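Every chain is named by a letter (A, B, C and D) in the order it is written, and numbering of its residues begins at 1.
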């Protein structure tokens, strides 16, 4: 048993029948969290994902801010989802204040978003998850045996960063994209650079997906769950929308997310939780592929059909593969978007058409559905609610951890190896704990 | 002095000739302003008489904003041996050439600044005449007509350009142009009239009524004047005035080491006397802790000190500080303060 | 045992962007792992050695629970040089934008109701220098690649980092941008610690101040100027506060009561 | 009027290896070091390969810029004398980042060095005259160079009076050497400490350095020069004493400190009016100080 560095959840360890598995820090996830699993004899008595990270109360602080201020504050909720928060925030503001989104802006935001998906997915799949499955403590120690994969994966990640830097101004927390448009659009040289690099990386992305597709996926935790993601118009596969679609077929308009996804607070975590129809659900890349994967075309479509199987709806480990396939999609999509942008003239910032209103911005962050819900009065925020994907996922994650812990324990696994497996599950959700602590609901009196 | 004639229709060919001698740098649009940029394409190459000033002055070609001045490892220091390309600075006006004359004097007196000299040796200066806007006042600083400092100078005499050749390097360029038929050694008979008109036009184009008369002594007399404190209170310490001033020369160096290697470089970058640390020494002793002190230093340098050392003020009347300072502290407002003091 | 300097990278409340900024140095990552013996880096490794003594501890994030406070004391004890890594650790960043207004409890209850938390009592986010001695800072939200790597390299070589102590305007002008203040746009450049290379202004968007306040900031002069340009005082001060963290509310309490 | 005003007593720049290369530090090796006080350390260095520096000529009062690879560069007065060639010495106080790093260096380690810079004391002008040296604290570092120079050429100079004020006994630099000199007939040496002089009552006066003036007797103001270096606050009081002795303002030489970086009058940090302290200084006459309002 690993000793807790600092006592949290003080309890009586006198009863030697109690076996506690603690993962004190969830290594290799952004932010600060831990897992506690307790057995009384062979009976599982407790599963907690603790969020040690303190509450930042971003939504309470949002009150009184303008649209542009929100666009710059909310990305600070989570660095790795910075562009998702940016886009969600922009969408919420633009809907609330009725700001137009001309084509050039639309495609630019789209491309910027792909940058983040590439960056985040490649970081998660290759730097965080792959070492798990291949048995390395970190990606750098993989260099000796898998130098090519590591270098190329880093290149892929760098490419995602470069896109964000070009469109948003910085790798992390850029200020170039705001409600109304972009301070500056990329130059043609920059666009060509992006296109070329996407074409260069295509081959590796496909090959890497095969590596991930070839990994053996453990089955000690399988159980059906519900998946939710943005519903996209027509046959597009895209990372935002104005409706949420669930794997049970239900579709709800964005404004009604609150009525359908009940939030609650649990004492062991500053992250609030949400349930769909009283049950935990998942909003990962796997959710997207399960719900709207059929819309994928090209190589990504081909790979989706190649690897999809019935275990995808009950085993969260497939999220890694889903992310790989989405990376192929992004890399394929970029040249297409660049072509579109190359022909377009730069345009002015769009102005708000009104000063008050409510707007819900739904986007798909790399790790799932992200909701920004703003109400404005006199151009200032009066009400703000943000729900992050990790927050949606926490209950489902707790559920799977419970199943796995029980099964592994029943199989007589050692505590250490149980702990490692549980960490792996947590990581497969690609959780961003820091962003999960910000789901806060401010109710205006 | 050798002069030739040039007609505007040959502009594109002129670019061809110039680019055989090196990179051509000329003002290009940047937002609502201009900036010296490398010209890759003759379409972007135009005579910019109406462009009075670029955001950053010519000094950026001689001592870039930030560059490694030394490289080192734990055993040795040396100059980086990078190849410095020949640059042709096209479209520089009289004030800019005067500023470079001042920099030349400054960087080679007492001690030769190698970083400057290296780049200066590789710079070809092609001046173009200009029309003053409301902020220009080079007539007041006697920098509206230059006698030296250019390799070639184009003066717009309306129907054609009169081209003054200042150096043997300039002559090389002109000769190549002559071979291509774009310069004409036969000067039309009306040239003297036309030139006189040009000087008149130039003189009359100034409308900035800034008054620098006696500012050296006034600076001395205003050493303890109250207005410095007032200016210090509103100065933002942003340092923009020193960045845009073509004769500001201060710099700082900082050492950077390479990760996981034994090597590093000493980076030289533009510093500003308006920044708090400018005169800070060890033990937190600051010789100019107050902003007013630092502002006074700046204006001492522009209006007084340089005259003492080199006989001319170091302000060349380009008007950059006038258009740049967000709170309107500039040569003009300071000159006015100096005068008010006298009126008292 | 190698005689490489040991490094620990710790995270508290924040967006985890400073650690990510480090992971974003794709080209130097392998060199970094070679140059230093990295003992703790939760965002990148699973074999972390929590108890290890380290030569350099980079601490990211602000402190806002009891548990974090204890952990920070612990890190201080085990680290020779403790570095505030990024804006949150240095002065609190966005979560400290209302620092010291006395309404934190109210905000907390509004958000969480009356739930008793078992994961450490929370309080208003504070920069780490409120609790422990800080030897150096790496500024930025999130830190700029070059500045950060230069600083870390210096630390690994046994030097404290040195920066150009100038506002954002320096780099803004070095990149030859037109000044936004002159166009009547509220830009926080003159008040903000430089080092970011002024990416925002180079993209025509004003500086929002995410590097924190520079010592020499002349707030009242900028307020006067902006009021002249038609801004309302409360809008100006709100902007100052967003990234001003603890520093602004402490230094300028008088100003904010306006 | 003005031209005259800028006519300037020490405006003479000594011969220096001022070619392009003098911007590039050469390497010196630390051969030994010794703690002079709790925070001041004495460093002896020799050039490694560069022949130019083997017989380096410099003046007392000049300074050099020391570089440590990757840690930066800072100016330090030369504390050795040009009369004792080959070894260049510094006395350095630990105050900040650079000096802290410097204190971690060991014998045999390398240092970058540029210089010598500055005008130094114009010893030509001192020839045949009586000399009063007044040092405060670390000011003893540059003045040791002058002191050794004069001692080594004693026959060319008149009386040598040395007044040294220190905060306390521990902080007296070169204590051993000075105590030896106390009994020498080459020099009239007086030392004072602000704090406790317990145990050294016979050697050290307790009080301000200015109080030592009472011990030096009569001087001939027309044939005396004074050289001062110490903390900024000291200058005013010491100069007053010297003026009381009817000394000429042009015969009082002060070595001033400013922030210096390039050492060659280009980077601007040390500028006062049009004077670059690193080229036209650090030694100024008291008349310079009076006319250039910001000198002290």
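One rule holds for everything that comes next: contacts are C-beta pairs under 8 Å (C-beta built on N, C-alpha and C of every residue); 3 or more make two chains touch, one makes a residue touch a chain.
The shown structure was predicted, so the numbers you read here are calculated from the model rather than taken from an experiment.
Chain nearest the geometric middle of the protein is C, using mean C-alpha positions. In this assembly, D is the chain whose CA centroid lies farthest from the centroid of subunit A. The interface holding more C-beta pairs in contact, when B-D is weighed against C-D, is B-D.
Separation between the centroids of subunit B and subunit D, computed from CA atoms only, is 39 Å. As a whole-number value, the distance joining the C-alpha centres of subunit C and subunit D reads 43 Å. Distance between subunit A and subunit D, defined via averaged C-alpha coordinates, is recorded as 65 Å.
Between subunit A and subunit B the centroid-to-centroid distance comes to 52 Å (mean Cα coordinates, whole Å). With touch defined as above, residues shared between interfaces to two or more other chains in subunit B number as follows: 252, 254-257, 271.
With touch defined as above, residues shared between interfaces to two or more other chains in subunit D number as follows: 70-72.
Chain contacts: subunit C has residues 154, 157, 162, 204 touching two or more partner chains.
Here the touching chains pair up as A-C, B-C, B-D, C-D. Of all residues in subunit C, only 11-21, 23-24, 26-27, 29-30, 33, 41-48, 50-51, 61, 63-65, 67-68, 70-71, 74, 93-95, 97-98, 104, 107-108, 110-113, 115-120, 122-123, 125, 141-142, 144-145, 196, 199-200, 202-205, 208, 210, 235, 238-239, 242 touch subunit A in the complex they form.
Subunit A contributes residues 5-6, 8-9, 24-32, 50-61, 64-66, 69, 72-73, 75-80, 82, 123, 127, 131-132, 137-140, 143, 154-155, 157-158, 161, 169-176, 178, 182-184, 265-270, 423, 432, 434-435, 437, 440-443 to its touches with subunit C in the complex. Note for the complex: subunit C touches subunit B at residues 28, 31-32, 34-35, 149-150, 152-154, 156-157, 162-167, 169-170, 173-179, 181-182, 189-191, 204, 215-218, 220-222, 224-225. The touching residues of subunit B, when paired with subunit D in their complex, are 69-70, 72-79, 106-107, 110-115, 117, 216-217, 223, 249-257, 264, 266, 271, 273, 278-283, 285, 287, 297, 300-301, 304-309. Subunit C meets subunit D in the complex at residues 154, 157-160, 162.
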